[in-house]
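This structure is in structure tokens; I'll ask about it shortly.
We call the chains A, B, C and D, going by the order they appear; numbering starts again at 1 in every chain.
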Amino acid sequence: MSSVSFDHVTKRFGDTTAVDDLTLEVADREFMVLLGPSGCGKTTALRMIAGLESVTEGELRIGERRVNDVDARDRDISMVFQSYALYPHMTVRKNIESPLVATRHARPAAAERAARVREAADVLDLAPYLDRKPGELSGGQRQRVALARAIVRRPQVFLMDEPLSNLDAKLRTQTRLELVELWRRLEATFIYVTHDQVEAMTMASRIAVIADGRLQQVGPPQAVYDRPANLFVAGFIGSPPMNMIAGEVDRSPLAGPLRVRTAIGNIPLPTPPTTNLHSVVAGIRPEHLRLGGSDLSVEVLNVEQLGHERHVICRAGDARWVVRQAAHEPAPAVGERVGLGVDGASLHLFDPTSTERIA
Amino acid sequence: MGKRRNVRQWALAYALLLPSLVVFAVFAYLPLYRLVHFSLYQQSSRLGGGERYVGFGAVWDVLSGERFLQGTWITIKFLIFTVPAGIALGVLLAMAAHRRLKGIKIFQTIFSSTVASSVAVSSVVFLTLVNEQIGLLRNVSWLSLKSPNSALFAAALSSVWQNLGLTFVIVLAALQTVPEELLEAAHLDGYGAVRRFFRVVVPLISPALFFLAIVLVVYGFQAYAQIELITGGGPLRSTETLLYRITKLQKNTDLQVGASMSLGLFGLTFLVALVQFRLLERRVTYGN
Amino acid sequence: MATDAPRRGAAIGWYVLLSALSLIVLFPVWMTIARALSDGSATLFARTPSVLPYSPIQWDAFSRAFTEGGLGRPLLVSGLVTLIIVAAQTATAVGAAYAFAFLEFPFKRIVMVLCAATLLLPIEVTLIANIQTLQEVGLVSPSQGFGEAIGALTLPFLAQAFGIFLIRQGFLGIPKDLRDAAQLDGYSDLGFLRRVAVPVTRPVIGSFVLIAFLSAYNQYVWPRFSVKTNRWDTVQLALRRFGLDNPDQLNLGFAAAIIAALPVLVLLLVFQKQLIRGLTAGAVK
Amino acid sequence: MARPTKILSAALLATALLAASCGGGDDTDGTASGNGDSNLPTCPVDAFKKASGRTEVVMWEGSYVGRNNAALHAIADAYNLSQNKVTVRVEKQGATYDELRRNYEQAMNGKNLPAIVAGEDTWTQFMVDSGTALPASQCIKVDKDPRAKMADLLPSVAAAYTVDGVQWPGSFAVSTPVLYYNRTAFANAGLDPDKPPATLAEVKAAAEKLKAAKLGTSGPLVMKMDPWFIEHAVTGVGETVVNNDNGRDGKRATATTFDNPAVKETFAFLADMKKAGLLNAVSNSKLIDHYLAVATQGSDMLFETSAAITLIAGVVAGNLDLKKELGDTVDVNIPAGFKVPFEVGVGVYPGLKAPGKGQIGGSAWYITTTGSDAVQSAAWDFLKYFNQVDNQVKWTREGSYLPVRDKAQQELEADPSWAGSLIGRWITTAYNGMKTLNADFPGPLIGPYDVFREDVAQAMESVTLQGTDPAAALKTAGSSITAALKKYNDTNF
């Protein structure tokens, strides 16, 4: 069994708490992405699984086994590092073979080692490069060597710490796909740390969003996108990010339909919110705004052409909003005041004090 | 993790450190203790005569005595002869050889070549120049080994030559770290070559120059072979540096004086280290 | 200043200057060669010393330095002593550097300070006490045999703080990821040291080896007083002997000086880059 | 795993080794060696004969080079072949006497002294006080072997090494200063090459003539600033350099007597010569430069030890005729056709008032007390062998040390091939100079003779190289030496 579970795990470095009371279940053969801004504790969580950091409090299990006190090398895990951490003095072959020879007492026979290196190299198309040193390889090739080194020991759990961040954009897109294919093929558990929400969205079975050492939300990518649990998740996931504005729920029956009053206009609410809060933060994704509507009024600051679509940057009170617009629609002029239409069904409401989602 | 792992790590750490610690204990700290002991006890000249406590007063007598002060002064003079000249010549050679020219590597190799000579070798080499009888420059009065006023200078010159390679290499390495854009910017700002050198280059390579100064000072304190092979300490003890003098005080009955002087030498090197530390500290603060 | 590519006329000017400086730097070497090529008595009896070798030029001083001067033996002693010192210093420095760089243990700071403080206690300062100690254990004595002499020449230099801290700096330069990867791969501490840390730090260790070679081979003061019989003279000590016993054979002494410098010269030419990196360690970040 | 373990064990070994040595520390085996006659160690004559196998005798020397070194080794080898109970091994323990002395005193700590040490003439008081020497007279007294007695030993030699009636060393390598001079230059300057100057005043006169003839341009007289020359001049006229009758009236010297006229005159000579540009003064720290000055004709007169006779004759032998005359006794490598462009002569050391006089120089061989009875007696046996006339002849012939037995000199003179040779003639000149020594007034006995010499040398150098006033230089030296005498007497506890 290769599930990984955090049970109220806390990690402190001196006075700072890197991971705060984390409880998270990673199921067997799941592709779990730990997503969060840098310094949020996601890497620390990953390193605790690896055994590179000790657990201060709580319990960490791999499968059924409690691993708090198990040595890194005895955890049956592999890890791919952001820097790839290839041994510069070893050939690709030696690098891949390294986990098989490092531990003397558990060292497979030479023939088996060769076969496994060959297999791993084949999986990652590295066969032609086996006798080169890492310094002679491109970034993408190095990344694949790191992956090969990870799979060669056939672990139950793969840990990946931002493995794509040193690749250029094009290669990154391609490698994302390869990683997912690899995951399917290996039928192992992947735990993947990144700050890039695109990676998280495209690859994960489930995403765990982490901020300030705390777990914010866990769920499948679309669920997290559709129903962010709090302001942080709402703002972090989605590109361009969700547009936010503070407002008040106008419940007076005299005022007509239920709506959120804001500095730039009113947003209609199709259903009443579940709480009876007065002040809220309203959030709305750029694709749910329509230029030419009449709910809100904003000033166009800039228009970004992306080819297939267009981002219209507007001043919305103190905030800057982005409106997505199809390329074939007429573009507004900079400095123009435009009206925006809002689909009330796609409106997100958050409690400004607790930052939790209320509707 | 866990206690067992920690204990294992401690044991490993000390096992790895043990050889070094043993060597340091036996050949650095034990002798320091013994120097203190020897300086406080006069050894008998008689076989099996033992030793007699003479106390700190005797140590002070040595350290305030003419012999020690004279040796210290000669050592300082040696430093005055070798350190500034060494740095200046190193800078000169490095400035000359730090440029893009075909074959510049050859010149750089030549300038660094004296790294290959030991103090003993360079001393023998300099005999061909300064020896009173067979030296090519035997009649050059400011190099004459015959005069107490110039002999030390002749010995120092051999050191300067021997250190040329090192000084050149260090200054050149420092020059190579000076960003070209900075010099170009200075040029555009209208600085002339001389001002560029003193206003831009020197401040940027000053850490290396400082390092070099320390190294040369340490070498100066350690000067021995050039004295023994070129001047033999003479004439008139005018070239007896502190170390040279100390080495002559190894007989039983001289140990008290020799050990006291060794402690004095230790104090001097300590002083240099202190200066080094302070300046380094300041440099680090400025740097950040 | 320095690095602009000069015009043709300026280039010639620089070549002239550089050549002139080269001549000055090499002049003492030339004089030594000239004297080595001259008959010793001719050097002695010359009324005005000449820049050139005295005729007839004799080429055999270099071979006679071995046959008559017995330079072979000191070369062997120096070779052995240098080998032992370099090997031991490297091994002890790597071990200690590893402990300081990667391991946590009680009193680490104190131990580090104690090691660093030995830099303040060079062999010149502790000389007479160390000689005394080695005399008492019989390693330094006029009747010292081969083993005793080699012991006396090497023991104080089996470990040295400079190397420890230089290599520690090298170890600290190893990316943390690489260490973590090695830990996950399953390397033990010693396995990591042997298979990863040392190979990765090879340039630094290599530079240190060269520096250690240089200082071990070129030593003078310590051998001068720890070797009490010229049977175990090192090359540097042997230089002192030449010309004193036979003043009319000065040429052998000058030839011996050239020969003594050759091993280091070869190292300099072959490993110039590494050597310079070692020499400048600490001067340039 | 293997590697660290090895390092570890080596380190442990080293610690153990040193711990063992440093643990002890207190030197409690108080060797009884008093000052008085009654406390003298006894000589275990012939003890080695009862020992099983060969007894090894190690002899240290620090002053024999080239030919005389070879001669010593040859005699030791011959001795080893001549019997089967003793093996003598000669070891060079320094390039100079100072170095030998340093090694000897350091060996006193480790108690690994040699059986015999060939100390400098200046060591006598130190050897008496160190408690490490077995007086030869103790052996001579009890040894029934007729070879032990040397009735023809030169009285001046015996007297120099006898303290309170006890003769300390058993064998000698005696030398005396002589005047080497450039005969060719003498002739060219109108001086008689066969009549070298006999007094310092005559030296000065000769130097003036040489200078007038534009010879010896570095200074017609070259001198290493070695106090030996001062001592010879002063002792030669019967004056002392330290009090308590030169340290010989039963009490150790406690102060210098530099205010006597002989010392002043000698220093005045140096100062005058220098001032007049007649002296090429070479620092006492130099080993060969004064010889070189003669070779390059920068100087034409040289005061040096008679022990240098073979060396100088060897260099001079570049002259083909001389080489023939010298036969195979010369060991130098001079290219064919090279000619030393002048002739060299040797004269008796010029004194203050008359030639010769002075004191005994060179080295003396002491038996040490730290060896076993067998070793001590074996050492004595070797000295007896060495003292035999045939070996003494060999020692002079090949080693150029002066004969200390009349019989040896007689034998040498009887051999025309020797007597007529350059070396033979020069040695005889030196020997005749030594014969003039006054056995009733041997040189000084000074404990810290090394310090004495060093300080006097400094005085000589500061007068000649720096132009210091002799009186001031002597005053500085005097106070330093007096302090050293006090310290020496204080540390002999």
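Brief remarks on what is shown
Methods note: a residue touches a chain if its C-beta (ideal position, glycine included) is under 8 Å from a C-beta of that chain, and two chains touch if they have at least 3 such contacts.
For clarity, every value in this text was computed on a predicted model and none was experimentally measured.
Seen from the C-alpha centroid of chain B, the farthest chain centroid is that of A.
Central chain (C-alpha centroid nearest the global protein C-alpha centroid): C.
Measuring from the averaged C-alpha position of chain B to that of chain D gives a distance of 38 Å.
Between chain A and chain B, the centres computed from C-alpha atoms are 59 Å apart. A straight line joining the Cα centres of chain C and chain D is 39 Å long. Chain B and chain C have Cα centroids separated by 15 Å.
The set of chain C residues touching two or more other chains comprises 44, 46, 88, 91-92, 95, 131-133, 155, 158, 190, 240. Of all residues in chain B, those touching 2 or more other chains are 16, 19, 22-23, 26, 30, 133-134, 250, listed in ascending order.
The set of chain A residues that touch two or more partner chains comprises 51. Of all residues in chain A, only 47, 50-52, 72-73, 77-79, 81-90, 98-99, 102-104, 106, 149 touch chain C in the complex they form. Of all the residues in chain C, the ones that touch chain B in their complex are 1-6, 11, 14-15, 17-19, 21-22, 25-26, 28-29, 31-32, 34-35, 43-44, 46, 49-51, 88, 91-93, 95-96, 98-99, 103-106, 108, 111, 114-115, 118-133, 155-156, 158-161, 164, 189-190, 214, 217-218, 220-221, 224-225, 236-237, 239-240, 242, 250, 253-254, 256-257, 260-261, 264-265, 267-269, 272, 275-276, 279-280, 282-285.
Note for the complex: chain C touches chain A at residues 175, 177-178, 180-188, 191, 195-196, 199-200, 202. Note for the complex: chain B touches chain C at residues 6, 9-10, 12-14, 16-17, 19-24, 26-32, 34-35, 38, 92-93, 95-101, 104, 107, 109-126, 128-129, 133-136, 138, 161, 164, 166, 169-170, 173-175, 177, 180, 183, 193, 196-197, 201, 207-208, 211-212, 218, 221-222, 224-225, 228-229, 243, 246-247, 249-250, 255, 258-259, 262, 265-266, 269-270, 273.
On chain B, the positions that touch chain D within their shared complex are 15-16, 18-19, 22-23, 25-26, 30, 42-50, 52, 131-134, 145-148, 231-237, 248, 250-253.
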